[in-house]
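Below is one structure, written out as C-alpha cells; comments come after it.
A, B and C label the chains in the order they appear, each numbered from 1.
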Amino acid sequence: MAAPLLEVEGVVKRFGGFTALNRVTLEVRAGERFGLIGPNGSGKTTLINCVAGSLRADEGRIRLAGQDITTLPPHRRTRLGIARSFQIPKPFTSMTVRENLEIPLEYAGHARHGGAAEAADILREIGLHAKAHLRPAGLTQIEMRKLELARAMAARPKLLISDEAMAGLSSAEVDDILAILFRLSAQGITIIMIEHIMRAVMRFSERIVVLDAGERIAEGTPAEIVRHPAVEKAYLGE
Amino acid sequence: MFSWDLLANAVVAGLLIGGFYAAVSLGVGLIFGLLDIANIAQPAFVIVGAYAAYVMNGAYGLDPILTGILFTPVFYVVGAVVYRVYYGSFERRGEESLRGLVFFFGILFIIEVSLSLKFGVDYRLVQAPYIGKSIDIGGVGIAYRYLVPCVVGIAMTVALYVFLGRTFYGRAIMAVSQDRLALRLMGADPVQIKTIAFGIGIAAASLAGALLITIAPVVPSTDRDYIGRMFAITVLGGMGSIGGTLVAAVMLGITESLMSTFFGPSWSQAVSFGVLLLVLAVRPAGLFGR
Amino acid sequence: MQRASLTVVAGAAIVAAGVALATLRLNPYLYFAGYVILQYVVIATAWNILGGYAGYVNFGTPAFFALGAYTAVALIRSLHAPLPVLILAGGLVSALLGLGIGYLTLRLRGTFFSIATLALSVVLQTMIINWEYVGGSRGISVIRPPGPPFGNYVVFLFTVMLALAVIAVTVARLIERSWVGRGLAALRDNEEAAECMGVPTLRLKLFATTVSGFLLGVAGAPFPYYVTFVEPNSAFNLDYAVNALAMPMIGGTTSWVGPVIGAILLGSAQQLATVTISSELNLFIVGVVLVGFVVLAPEGLLGLVRRLRGR
C-alpha cells in the first residue's frame, strides 16, 4: 500500500452554532484517483477549503506527505503541492490566459525563467493553446473550466483538487475534462475529484468517500459505494 | 465634573438624537445594508433635503418637516435615476464594487460643491413654532427641536419596518438581498425592485434632511459628519435590519452625548468613526448580524 | 521595448524641463502652482500603488498626507530638524499607519475597507484638533529657517517636490514591472484565487499599504514650509481624497503613467481654474470629470488610447 499523501484526521469545522464538518477522517494515497461525494450541503466544499487553507479547521489535523499543514495559509500549502480549481471559475480577469498561468508558475511552480514556455506546454496539454492571448471574458464555459485546471497545474501540484469542474457541461465536454484528468493522473499527480455527475466520479475514482451532513458515512470502491445502504439513504432519503 | 443631573440630561439627549440618527441611517440601511450598494453619497442627499427645507421655509414659511414629506417624490425619482445609471454603468458589467464606490464618492463631492456654490458656506437654519421651546420633566429639559425629529424618526422606522414586512414590494426588497429564488418565484424583476428600494432610500433622505436642519443649522460640508454615523449605525445594526438600525442609532446617540458632556464636544465626532472602526475590525457582521 | 524606452525618454524630458524651470527665474506663481501639481503627482502615484495595483480604494488620503505634514510640524517645533529629516520622518510615520491599514485588509475587503479608511481620516483629524502642541484646531505658524540652499523658498521647494515626484514614479514603475506588481494584479482580480495560486496576499498587501502610506507622508512633509501656516482643515482637506482617486481614474489605474497624466492634466486645470474662475468651481469640475470618467471611460485616458489603437 502506498504511503498517504494527504491525511485528514478528526477535522471539525463550525460556523456559529452549525457544525459543517464533524470529526472527518480520511486518507488519500500518493498517486490515487480519489472521489469525494455527498448531497448538497454535506460539507464537501468546506472540507476542501480546510485542506486548501481557505478555511481553518477548528479541531483535528491535516497533513501533507507527513507534514502538518493545519494552520498554514493557503499560499504556503500551494507551494507544498496542493492546487485546486474553483467550482465557480475565478480567473484573473485583467490578464490573458497565458498570464493567468504565469502567476502560479512564478509564485508556486518555482519557475523563475522560461515561465512562458512552461505555460505554453500546459496550455497545449489541456487544449487551450489557441486561446493563450485571450482574456478570460472571451472564453466559453468549458474553456473557463479548462483554464481553472490549467492554472492549478501551473502550480506544479502533487495533489490536485478538482471542485465540480464538470457541473453544467454537456456529456461530450464531461468526457473531455475526464480525459484531461486521467492524463494528469497518469503523470503521477494525485487527484481528488468532487463531483455531482455520478457517471464521471464512478468512472474516474479508484476509491470514494461519501459525506453527509458533515459526517463521513461510507468509503469504498465505486462498486461498493453504489451498493452501500447508507449512501442510498443519504441520496434518496428514507 | 460628574453629577447625576448631567448624566440624566446626557442620556435623554442621546436617546432623542438617537431617534433622529435612525431616520438618517434608514436610507443607508436600505441601500447598503439590503441592496449591498455602497452609496456613500447618501449624507449629501440628506443635506440637499435640509437645504430644500431651508429654501421652502425662507420663501413660503413652510414647515420644514412638511417640506421633507412633500419632497419625497422628487427625491424618489432622483434616486431611481441614480440607480439606473449605476446599474447600467457598473452593476450590469459586474464592476460595481470599486468603480461604483468612486462613482458615489464623486456624486457626494459634486453635491457638496454645488451647494457651496449656490448657498455659500454660511450656516443656514429654519423657523418653526416648536423650535426654541422645551418642556421640563423631572429636572430634565427636553427641547422640542430634538423631540419632534426623534418622534418623526421613530415613525419613519416603524413605517419602513411595516412596509418591508407586510407589502409585496417590501418582501421583494428583502428577497433581493437574501433569497434570489424566492424573488423569482414572486415573479419580480430584481432591477425594478432595486430601483424602487434605492428610490425609497433617497426619498428617506428628504425627510431626514428636514429633521437635520430642524435640530441644528447646516452647511454644505455637514454631510461629512454623517458618513461615519450612517455606516457605523448600519454595520452595527446588522446590515439592513431595521430594528437593529434603531437600537444601534440610539446606542451611538447616547455614547456621543456622554462623550460630548464629559470630555467635550470636539471628541464626539470621533466616537462614531471610532465605533465604526472597532466594529469593522472586531465584528464585521455587527452586533445584531445574521 | 521601444515603447518602454520612449516613456523613459519622456520622463527624463519632463525632469529636465522641471529643472530648467527651477533654474530660470520665472514668475514665482508658476513655481507655486508647479509645486501643487507635482505634489499631486506624488499623491496620485502613491494612491495608485494601493488603489490601482492592488484594488483597495483608500478614501483616507488626507490622513496620510496630514500625518506627514504634522510629523514635520512636531519635528520643526521640537528639534528644528532639517527638511530631509522631515521628509523621511513624515514618510516613516505615514508608512506605519499604512502598515496598520494593511492589517485591516485581513478582515475588511472592498467597500468596508474604503469606509474604514474614511473613518480613519476623521479619527486622526479629531486627535490632531485636540493636540495643542501642533496647534490644535486653531492651527500653527511655521517659520522657515533662514536662507534655503539655493534660490528662494518657492523655487527650492518646487525642486524638492520635483525630486520626490521622480522618486515616487520610479518606485511605482519598479513595483509594476516586478513580481510584486504581478502578484498585486492577481489579488486585485481575485484575492482568493491569487492566494490559492501561491501568492502571499497578506504580505503583498502590507507592502502596498506601507509603500503607499510612505509616499503620501513624504508628499505631506514639506507642506508646512510651503504654506507656513498649518491647520487641520487644510491638511485634512477632502480635496486630497477626491483628487487622489480622480487623477489615477482619469489617467488609467493599471499603469504608472496613468496617475502622472491624470495629476498633470487635472492639477494644471485646477490651478488655471483657481486663478481664472473660482476655487469652488474648480472643485465642481473635478467632481464632474471624476464621475464622467468612471461612467464613460472606466479605464481612463490610457484605456481610451488603447481602444482607439486597437481598432
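The rule is simple: contacts are C-beta pairs under 8 Å (C-beta built on N, C-alpha and C of every residue); 3 or more make two chains touch, one makes a residue touch a chain.
This structure is a prediction, so every number in the text was calculated from the model and none was measured.
**Student:** Counting only chain pairs that touch, give me the topology of the graph as line, ring, star, complete or other.
**Tutor:** Topology of touching chains reads as a line.
**Student:** Can you name the chain that lies farthest from chain A, using the mean of each chain's Cα atoms as its centre?
**Tutor:** It is B whose centre lies farthest from that of chain A.
**Student:** Using the average of all C-alpha atoms in each chain as its centre, how far is it in Å between chain A and chain C?
**Tutor:** 43
**Student:** In whole angstrom, how far does the Cα centroid of chain B sit from the Cα centroid of chain C?
**Tutor:** Roughly 32 Å separates the two chain centres.
**Student:** Centre to centre, by mean C-alpha position, how many angstrom separate chain A and chain B?
**Tutor:** 46
**Student:** Show the residues in chain B shared as contacts by 2 or more other chains, in ascending order.
**Tutor:** Residues: none.
**Student:** Could you list the positions in chain A whose residues touch two or more of the other chains?
**Tutor:** none
**Student:** What positions in chain C touch 2 or more of the other chains?
**Tutor:** Not one residue of chain C touches more than one other chain, so the list is empty.
**Student:** Mind pulling up the chain C residues that touch chain B in the complex?
**Tutor:** 55, 57, 59, 104, 107-108, 110-112, 114-116, 118-120, 122-123, 126-127, 129-130, 137, 238, 241-242, 245-246, 249, 280-281, 283-284, 286-288, 290-291, 294-295, 298
**Student:** Would you mind writing out the residues of chain C in touch with chain A in their complex?
**Tutor:** My answer: residues 179, 182-183, 185-186, 188-190, 192-202, 254.
**Student:** Under the stated contact criterion, what part of chain B meets chain C in this complex?
**Tutor:** 32, 38, 40, 85, 89, 95, 97-99, 101-103, 105-107, 109-110, 113-114, 116-117, 221, 224, 227-228, 231-232, 235, 266-267, 269-270, 273-274, 276-277, 280-281, 284
**Student:** What does chain A use to touch chain C in their complex?
**Tutor:** It is residues 52-54, 73-75, 78-79, 83-84, 86, 90-95, 102-104, 106-109, 151, 154-155 of chain A that touch chain C.
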